[in-house]
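Read from first to last, the chains carry the letters A, B and C; within each, the first residue is number 1.
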Amino acid sequence: MVVGDVTTAVDVLVLGAGPGGYVAAIRAAQLGRHVTLVDLGAPGGTCLKRGCIPLKALLSASERYQQIGADDLAGMGIAAEAVTFDWPRMQAWKQGVVDRLTEGVRRLLSGNRVEYVQGTGWFINAHEARVEGEYGSHHFQFDHCIIAVGAEAAPVENLPYDGQQVLTPEQALQLAALPASLSFFGEDYITLELATLFARLGVSVKLYVPGEQLLAGVDATVLRLVQAGLRKLGIQVKTGASIEQIAERPLVISNGARARGDGLHLQDAGVQSGVHGGIQVNAMQQSSVPHIYAVGDCSEGSMSRPALASIAIKQGKVAAESACGQRVQFAPLVIPLVVHTTPELATVGYSADEAALAGYSVASGRFPLAANGRALTLGADNGMAMIVASAGDGLVLGATLVGPRAGDLIGQAALAIEMGATLTDLSEILYAHPGLSESILESVESALGKVIHIASKV
Amino acid sequence: MQMTMIEALNNALALELERDERVVVFGEDIGVNGGVFRVTEHLQKQFGEKRVFDTPLAESGIIGSAIGMSIYGLRPIAEIQFAGFLFLCMSQLVTQAARMRFRSAGAFTCPMVVRAPYGGGVRTPELHSDSLEGIFLQTPGIKVVIPSNPYDAKGLLAAAVADPDPVLFLENIKLYRSFRQETPQEYYTVPLSKARIVQEGTDASVFAYGAMVPVALEAAKQIQQENGASVEVIDLRTVWPLDEEAIVASVTKTGRAVVIHEAPRAGGIGAEVTAIINERCLYSLLAPVGRVTGYDTPYPVPGLEDYYLPNVPKTLDALRRVME
Amino acid sequence: MSKDDRAGQSLVPLRVSVIVETHSMYEFKLADLGEGMNEAEVAEWLVKVGDTLKLDQPMVRVETDKALVEIPSPVAGRVSEIRIQSGQTVQVGAVLAVLDTPGKGNGASQTTGANASAAAVTTSQIVASSPVEHAPGAAMPTPKARVLAAPAVRKLAFELGVDLEQVTPSSPTGRVSLEDVRAFAESPKESHPAGSQFIAPEPTPAAVEPVAAPAATLSERQPLTGLRKRIAEHMERSWRTVPHAVAFGELDGGELIALRQALKPIAEQRGVRFTYVPLLVKLFIPLLKEFPIFNASLDEEKREIVYKRAYHIGVATDTPEGLLVPVLRDADRLTLFEVASRLEKLIEGAQKRTLTLPEVSGSTFTLNNVGSFGSGSGVPIINYPEVAILAVGRLQEKAVVQHGAIVARPIMPVTLSFDHRLIDGALAGRFLARFQELVEHPQQLMLDMT
């Protein structure tokens, strides 16, 4: 609006166009509502523009580069000489992927007639918000609001991020030039993936882990495979580190995320925050004000969850459907977690220890990828499949996969757990052969005591 | 379909352009940009540059062209970007458009519509919120229409285009996007010079138009909660010529009247309604007619707007006074 | 046999049934009790874990809405597990106990010996290797029995406000289906509070409950169980559903006393106690025949009055555990003596809780002899689904005015509670007046004696 301050009535106002926000906007539009989506920049959020997608793109590119240089190729009779990479070109390709996805989201939004406003918004009261955009100020009166503003890197005391010497993961992904060496502080999947990515490209990487263990809650055998993979890349790992003791620079710190929300004037709307600083919500994603919802990294439910885009996406749909009067809730039984190291790791549900802690008597089985035909033909047999079930009725409780495409295969296990499948159910169906999924089958049969492809002790 | 007033007007214009090839729409920024309030959005793309086009920054030229076009057989819908800019084309409007039929004894007429946004409460700079309808009350030959909701806006605009004489169609900026209403997508008209009883009552009549209709309704609700009074609220819709029958019928029934408008007090619609009541149903009156209006000053700066405009408390005061 | 190997499913025969032991487990489930009962409360176990049972040996007593039922053991064997403790309520079909019986069992869950020990070893190894942080002294938690329901079923349950744990799965595998959820949502909830058990969304995070010391005992809590619980539910329902109105009367009991005095010794010679109650019961019969609405019920669903042609008179009786109403069936066809005789047996049975279902249900009109507890009068609650109940108070000498003079007369106060939807005050008044007339001149019964 050029002149004056006209109030616009809107059914659903969505703040933040990341995976939580844009999905919520589209779902609400599908359900017939007039939706306005507000974001500071182009749609996509942290995931598309600064986080998941750029990271996975660079991981894929670096993996290709590394695989060409590896010994396996010679073993297959392929000789590759003088393979080089150009970091700026790689970054440009990464950006191309990001742009393509962002453009796709933009088209989806306009196709669903979602009004997109570029700017920052804040609450005036529980029913009105102001958005300061490039063309002036907007005043909205909304029936429902979905807050999906995400989170940013949690600050570290006395160590401000400058994007050159002390970096957030996002800043690391945007480095214009590759440093000769890079240090990382953290223990989550982001730290491991970043370390892996840079190490593959020849950067000398040191990994400082604050605790005693790299990924909390993951089975020890599995972790050993991952750690071996890191070592193979030349990454030096030091556990029990404290951040003040790290002298090396540049240093990338992955210290967790802090929910955004400072500029929103939440108190003016009566929206309360939780103990971790996120917006407190119930299972229907409602905040303390019933018609204002929050989803994704900026929200905080009754159980703490990792900050994942998959969660934000589902919560966005729940919030939109809830705002349109449906009775739905965010209540998955399990959340799959994937780490794109070499080898790749994916886990869902309980580990054997967690299941025992929960009171189950545990039946578990494992199967080494070295015995899986497909893994061998891929030349990537470093890995294993692990299944955890309840001993009494065979109910599948968890699975961990290490190896190629683990992140894509874990969905089978997630489905099995959600559907309440038993070991017998999994062992009854047919699996494509040769296939990596067969490792799941064999781990199940191992748990049932009848695995075929492991030699029994004579 | 649920529409804001903007969407309803856009729909009305599209229907007019479609059903009558003589209709043309023009004004400043309305073609390529779709209008500063987006009332004419997408119309140029749909109907082409010959039917929907941008004009230079010259109000007198806009209205002058409209007069010429309408005399020679087109049905122009001209937009003046803000009602306050009408002053710049007064000569064209008042000395030419308003008098054409009179002057030529019917040989030439101007079937044209002039649309303009008006109204306060939206923090605009000078001249963007002025209410000018009072001036046109004293300009015989021009009708003045002011809708208060999307449904009426669409139907009244269609009726205005169909009218054989000049119509000034004033659109309240605050109401443009402030709520949605169920509005049919097909063509329909709402008759000019016919008021609408929004809410029936027996103890007092409140006459309002534009953004004051919601104010009147809220005041009526509150006073009913306060002392059980049943207030009749009438949306005048066309302020010139007024629906005298509706005014008289209502006041005869209730015996008390209040008029609300943003425009300044002196010589405004309130004064006219009071005079009509005086002439035609004085003996039904139980109390003097109350007026809740803007002050007799130029429209103020945004910081003082809220003090200037009629609001619910001022309306309640007036209602209490007439009901003493 | 592992529970994974489900009997009765047609699967490609790839499995090998492993029978390690010659014994099998028999799951003892709560059978259908009839009369539309779908739940019962375990009142008392007559055996304990480890006991050896013979076939048909009495095993457990369960309490339904109406009666206490003793269930004999369907197999011979040893009690391996008792799953439901006394005081708990279960649905028909729930497993009450597991018996170890020679020969074929019925597929109860039991891991094979080998697997069970392997699992046990795994568990203990895991527990030993990683020092686990429990709240000191807290026992290992038992895993919450998870309802097996696919995501779409869970979604529907939440949408309809159904608590999945309450739904009985129709599939033999124990999986809850969409139909199960829908059926549960639509069923009339007599035994459960209607649909109120869905997981309500909470805006605040669940607070961590501090382990508090037991509060100073200013009050004591006791759950409603058994007969008390059933009485409470019955009274709640009656009071909630029926608009009660009350009419009071005072009857001259002189003639009644005289008649009873005359008949009592003869009845006792024949071995039967003779109180006023049999007389009152017989006096009801012509009354109910003349005022048929008092022997009716309102079908609330169909909105129809059901006039009953049978006359089953309930007699409210106090027992050590609470109020029971044994029923004199076809009281119109019983002689006065038969009424007295049957009544005596019914009351004895009520005291001992040995009455069967037909003996405590089906009444069409109820008499509440509050006078027998020494009460002057009282306002009774209608025995739903009847439409009226008469409370008869203690016969007492009172001063009344007759023909202008004060005399002492034996007065019996009566209170008629009636369903004001079907019976108006005037009719109730006429009913009481006729009752008064009958009670004050009881010999007229003889006129209609067959």
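Note that a residue touches a chain if its C-beta (ideal position, glycine included) is under 8 Å from a C-beta of that chain, and two chains touch if they have at least 3 such contacts.
In this text, all values refer to a predicted model and were calculated from it rather than measured experimentally.
J.: Could you tell me which chains make contact with subunit A and subunit B both?
T.: Common contact partners of subunit A and subunit B, which must touch each of the two, are absent.
J.: If every chain is reduced to the average of its C-alpha atoms, which one ends up farthest from subunit B?
T.: C
J.: Please find which chain has its CA centre nearest to the centre of all protein CA atoms in view.
T.: Smallest centre-to-centre distance to the global C-alpha mean: chain A.
J.: Taking the mean of the CA coordinates per chain, how far is subunit A from subunit C in Å?
T.: Measuring from centre to centre gives 55 Å for this pair.
J.: Once you find the CA centre of subunit B and the CA centre of subunit C, what distance in Å lies between them?
T.: About 73 Å separates the centre of subunit B from that of subunit C.
J.: Indicate the residues of subunit B shared as contacts by at least two other chains.
T.: Residues: none.
J.: In subunit A, what residues contact two or more other chains?
T.: Correct list: empty.
J.: Would you pull the subunit C residues touching subunit A in the complex into a rising list?
T.: Residues in contact with subunit A: 2-5, 11-12, 14-15, 109, 111, 114-116, 118-120, 122-123, 126-127, 130, 132, 140-143, 146, 148-151, 154-155, 158-161, 175, 199, 201-206.
J.: Considering the complex alone, what residue numbers of subunit B touch subunit A?
T.: 2, 4, 36-37, 82, 122-125, 128-129, 173-174, 176-180
J.: Using the touch rule from the top, collect the residues of subunit A that touch subunit B in their complex.
T.: My answer: residues 1-9, 34, 141.
J.: Please output the residues of subunit A touching subunit C within their complex, sorted ascending.
T.: For subunit A paired with subunit C, touching residues are 274-275, 280-284, 286-288, 300-302, 326-329, 331, 352-353, 356-364, 390-395, 418-420, 422-424, 428, 448-449.
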